[in-house]
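Please find the structures below.
Two complexes are shown next, each including chain A; its partner changes from chain B in the first to chain C in the second.
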Partner chain A sequence: MRGQKRFAWLMATPTIIALIALGIVPLGWMIWTAFQSFPPNPANPPQFIGMRNFVDLADDPQFFGSLRTTAIVLVFSLSLQLVLGFLLALALYSIERGRGLIVSLLLIPTAIAPIVAGIVWWMLFNARFGAINSFLVQFFGIDPVNWTIEMPTALIAIIVAVVWQWTPFVAIILLGGLTTIPRDVLDAARIDGASGWRVLRYIIVPLMRPFFLVVGLLMIIEIVRLYELPFFITQGGPGNETVVAGVYLFKLAFSFFDLGRASMMSVFLVIALSLVAALYMRLVADRRMTVN
Partner chain B sequence: MSVLTLKNIAKSFGATEVIKGIDLRIDEGEFVVFVGPSGCGKSTLLRLISGLEQADAGEIILDSEIVNDHTPFERGIAMVFQSYALYPHMTVAENMGFPLKMVKEKPHAIAEKVNAAAKTLQIDQLLDRRPDQLSGGQKQRVAMGRTIVRDPTLFLFDEPLSNLDADLRIEMRVEIEKLHKRLKATMIYVTHDQVEAMTLADRIVVLRDGVIEQIGAPLDLYDNPVNKFVASFLGSPKINFLSARVVDVGEGAATLSLRNGARFVVPMPTGDVKKDDALTIGVRPEDFAISGGDFSIPFDLELQEQLGPVSYLHGSSNGEKIVAEHRVRGKILKETASTLGVNSARIHVFDTSGRSVRHGRKGQET
Partner chain C sequence: MTTTHLMKRRTFLHGSAALGALGLSGMSLKAGASEIYNTTLNIMSHPGQILPIYTHQAEFLKANHGITMNLLESPDPTSYQDALKDLRSGGGTYDMVMHFPRYNGDLVTSGYLRPIDDLIASHNAGALFDNISDTYRKLYCEWGGNTIAIPVDGDVAMMYFRKDAFESAEVKAKYKSEFGTDLAVPRTWEQFKQVANFFTGWDWAGSGKSGYGFQTSTWDRAFIEQQWAPMMASAGGTWFDENCNPAFNNAAGVRAADDLKSLLSAAPEGSASLSWGQTMETVFAEDVAMVLWYMDLGRLGWAENSWFAASGGPEKMAKFGYGPWPGYEVDGNYRNFNSMFYGRVAGISNFTEKPDACMEVMKTLLTPERRVLSMDDAQSGSDMFLKTDYTTDSFKVLTPSQEFLDAASNVIQNGFPEMNMPGTGEYMDSLQGELHAFINGSGTAQEALDRAADRWQSITDRFGRDTQIEAWAKVRASYVSAGLNISG
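After this line comes the complex of A and B, so read on.
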């Protein structure tokens, strides 16, 4: 028995070491740096300054601005991703032939590096030579829109790009969920008098809750740490209107070299992300259902 | 309660013809069982009746109305599935009340009907549970409860007992029988289990490759199968087949000879066979006897399966496999069972195409 226990620990040790080295040590270091001040000269050691970084952040309107922008992008992007992703999943579910090929093609936006996607969307939204303006001018006779340098179009451009990049991924996860619903259950609902819409409302959507939960959480994490897409599409402009948390964090660390404050912001984001995720789980998860 | 009429129903999936022009009438209050091997089209036929599948040709008539274009719900049909098909996110009460909720019944009326059905099926203490907290038998009761709250015109059962263990199967079979007696509803039941078919059915419909082989009362089909397929499908252990040859044809009878040379006379419509015709005779295991009968065949006993009051003797006769029933307790000696007697009045005779030539067609041949 004792030998078995020792063997179990032996087997688990490499994973535990990797977890500590890759997960806990960087997190601990981040928390430690959040309470330090880093002098401009890297030769000087950092100084412990207590909660000063936190107080500075609390006084920083740009920090709150970035949080507000992130919240707007999160609410709109997540809603659109879940709704469009679900509709796309339903459409894919009804296709029997060639579904695999379509799924592979759909994954292209998600597979593209965010930095490339950012550049592509910056070009598409460009006021002078962007394809979107060309299309609008040619087919609708609309004057060219300064997408990336005016509000609220700059924010819309970011949201469009985020939705474009991640909706297919959401759709594929939800499609996987749809295929787990037994055909007999859907047939039984039809026999019981549920029409298409009511099958969706009373059967499919409730059974899809665990999948909405998982994919929604992944998307919340993705959007909160968003950086490349907004950075390349709007560079945070006009003014600082589209500076999301990820972009401001980058600026704090690598433009202002304020590593302490950047770390404090990271700690704050981890806590905020946990709270948002908990709220989302409360909204979406049905306590009576277990996630299988 | 309804009368169901199927007229020349056909259904294909792609190039595969699954149902090939079926005609059938099921009377009010009748319990009809569809049986047949896997892939014979019995479940597809049930789904066509339910409206879950659309027929390519033919008419489905409920009472006097053609319902081909009606949705499953408009047909007023209730269905119990093999997998129970309960809604996993709903409680037992919500599952049973779902069809009533869909027709916007008032909550108190739903509760009343659900409670009444739950009491009938003895699941009233389970109403707050979810399907994953129920046993297989309880799930099947809930599935049945969901059908009876609606007061449907027609009950359909798609292999409802296949997922249950042997004891529960018998228990639920009795429950379904009781339900039929109490509701006096028209019921159609699909199974591949011939015991369920024999015990439950007013009439059995035997299907093969999308066509009806024979329709009739269980014992009628058992005693008067129209062909080898029906004869072998009903009965457990299966009927035994032995090769025979016509040696003489007389008025209303023929003399047949088996491989071992045993000869016997069987009544047979004149002109159905001629001398030297090759035939197959079918003998049910219970129609063999250690002693007695009009003629006997040699028997090489290989194994005796003792089941208590009855045992099955497995062996062969002139190279043809035989299973015989022996209704005496205890071990039998190989020498004692070296021959088996057969009563020629009980045998079935089939021609080379498998068609019965011995019996009158009491069962309806289609």
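After this line comes the complex of A and C, so read on.
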């Protein structure tokens, strides 16, 4: 028994060391950095300044603007991703031949590097040369829209791109969930006279909750971390209207090279993300479910 | 004294200095004094059309000085970040770095750039440095009285106008009938707006489609201040007053912002969302009467294999005339500045153990017979910055006109520089955001500039007001030294 325990520790130790080295230490260093001020010349040591970095952030309209924009993108993108992803999953579930090929093709947007997707969508939304305006002008006679430099179209452009890139991934996860529902349960409900809607409402959706939970959490994390897509589509404009948290964090860290404020914002985002995730889990999780 | 008077006097002085430097060229302006280093330098460079600045010298430096250049590409907007990352991680990644001069203040005060006056003296390179355009040298190569960089790309924006349109009897008659005055290349921004609007919306070029009055290199959020700032300075504003309070959220700044916004309506549709390359496509694909663009256009727009060629550059170049940016009449004085934004400089890292080899590279880049190789190249983005660059005799491959080179020489001597204070990245970001929002539709110019000014005050306080006042005094001293008649 003792030998087994020792063996278990031996096997787990490399993972624990890696976790501490790659997870805990950087996190700890980030928290320490959040309370420091770094002089421009690194020959001078950093100074402990307490909450001053947070006070500076709170004084910065772009900080709150970026949180507001991120929240808007999160609410609209996540809702659309879950709804469209679920509809897509249902459609895929009903296909019996060629589903594998379709799934492979559907994953292409998710597999594309976000920086490439950002550039592609910037080109598509380009007011003068973009395909979207060409389509609208040619088929609907609509005047060209300045998608990326006016509100709310700039925000819509970002949401469209985010939904396009990640909805297939959501659909694949939810399709996996659908395949875990025993066919005979669905057949029995239909034999008992349940309509399609009632099957969906009272059988499929409840059984799918764990999958909505997992994929929703993944998408929340992804959207809060957004950087490349919005940066390349709008550069944060018009003005600062589409600066999301990820873009502003990058600016703080690398354009302004203010490591203290960047770390403080990161700490803030970790806390905010945890709260949002907890709220989402409370909304989605079945009370009878145990989520550890 | 008006800026025009200053410019003429400076033009004369510069010309004299250049001749003096050329007189010394028998020794000092020739490359090739054969110090052998047998070393490799890690040199950070902007990529693409900027690389020829170094690649043209690779064989020469290897053969004559035993210097191998290991070129490490860093995209233009992030090269400054890479330099500071190197600094934060202990230095030593690069021996030399290339950056936009706006970051001089940050890179010097952080201790990254090495002052090079001692190297200039020990390498007897004074004449080479004296051959740098005085404005460029004072504003972009020095900080606090020390030389800290050399120019590698002398970007300054100038006005290109459609000579064929301004000389057309039919067009001139139409203009006279509409405004009661003769059509002329505009001297003030008021005239510029009127002429731009006049050319917008009708087929003045006979191409069968409506023309436009104006286009500029970019309306991007990340670059919008380069268009506005010289106008603001011409109107009597500047970045800061002597106590480091913003000095642009005033009548001068508002005048410039309002004028810039109104000019957007004279540009081809959708211009505000176009990239640099796309705005140039509009210049060649459409008929645009007046264009504010960098010197690349006049230098290599004629070449059949340049990046302008695909858009129809060579055909249209014959129709362009050249001139400075318009200005403003302020209190009876005429003031005009050209945009000096987005030139490039190269400096030596404080962490290099091979400063002498780095200076050898700098000397090579400044030696007219070597430097011309990257300027006289249709694939290179390196524009003129040496006093000896502004003559057609320098060019063997490209065919810029002397008229263009004369205009370019005048323009560089009266350029409004990028603000290169410590913290310039954050200062500019807040200004760009507000300007971009205003130009694309929301609020008034005064409100936008006031918001930016409030943010600047916070940034200044965070950096330390006394520190920033001291830094701004150094920047202002460089303005005075360069002969710029900038208030503040």
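Please note the rule applied: the second predicted complex is superposed on the first by the 289 of 292 C-alpha atoms of A that agree within 3 Å, B and C clash if a C-alpha of one lies under 4 Å from a C-alpha of the other, contacts with A are read in each partner's own complex, and residues count from 1 in each chain.
Here is the rule we go by: a contact is a pair of C-beta atoms (placed from the backbone, for glycine too) under 8 Å apart; a residue touches a chain by one contact, two chains touch by 3 or more.
All values reported here derive from a predicted model rather than from experimental measurement.
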Putting chain B and chain C on the same copy of chain A, do they fit or clash?
fit
Tell me which partner A:103 touches in the superposition: chain B (first), chain C (second), both or neither.
neither
Counting residues of chain A touched by each partner, does chain B or chain C come out ahead?
C
Looking at the overlay, does A:49 come into contact with chain B only (first), chain C only (second), both, or neither?
neither
At the Cα centre of chain A, what angle separates the centres of chain B and chain C, to the nearest 10 degrees?
150
Could you look at A:193 and tell me whether it touches chain B, chain C, both or neither (first, second, both, neither)?
first
Note down the smallest distance between any C-alpha of chain B and any C-alpha of chain C in the overlay, whole angstrom.
52
Per the contact definition, I'd like the list of chain B residues that touch chain A in the complex.
50-52, 71-73, 77-79, 81-89, 98-99, 102-103, 130, 132, 146, 150
Complex contact set, residues of chain A against chain C:
40-43, 56, 59-62, 125-129, 133, 144, 146-150, 235-241, 243, 251, 254-259
Touching residues (chain side chain A, partner chain B) in the complex:
182, 184-185, 187-195, 198, 202-203, 206-207, 209, 286, 288-290
Would you pull the chain C residues touching chain A in the complex into a rising list?
78, 81, 84-85, 87-88, 106, 109-111, 220-222, 268-274, 278, 282, 422-423, 425-426, 429-430, 433-434, 436-438, 440-442, 451, 455, 458, 462
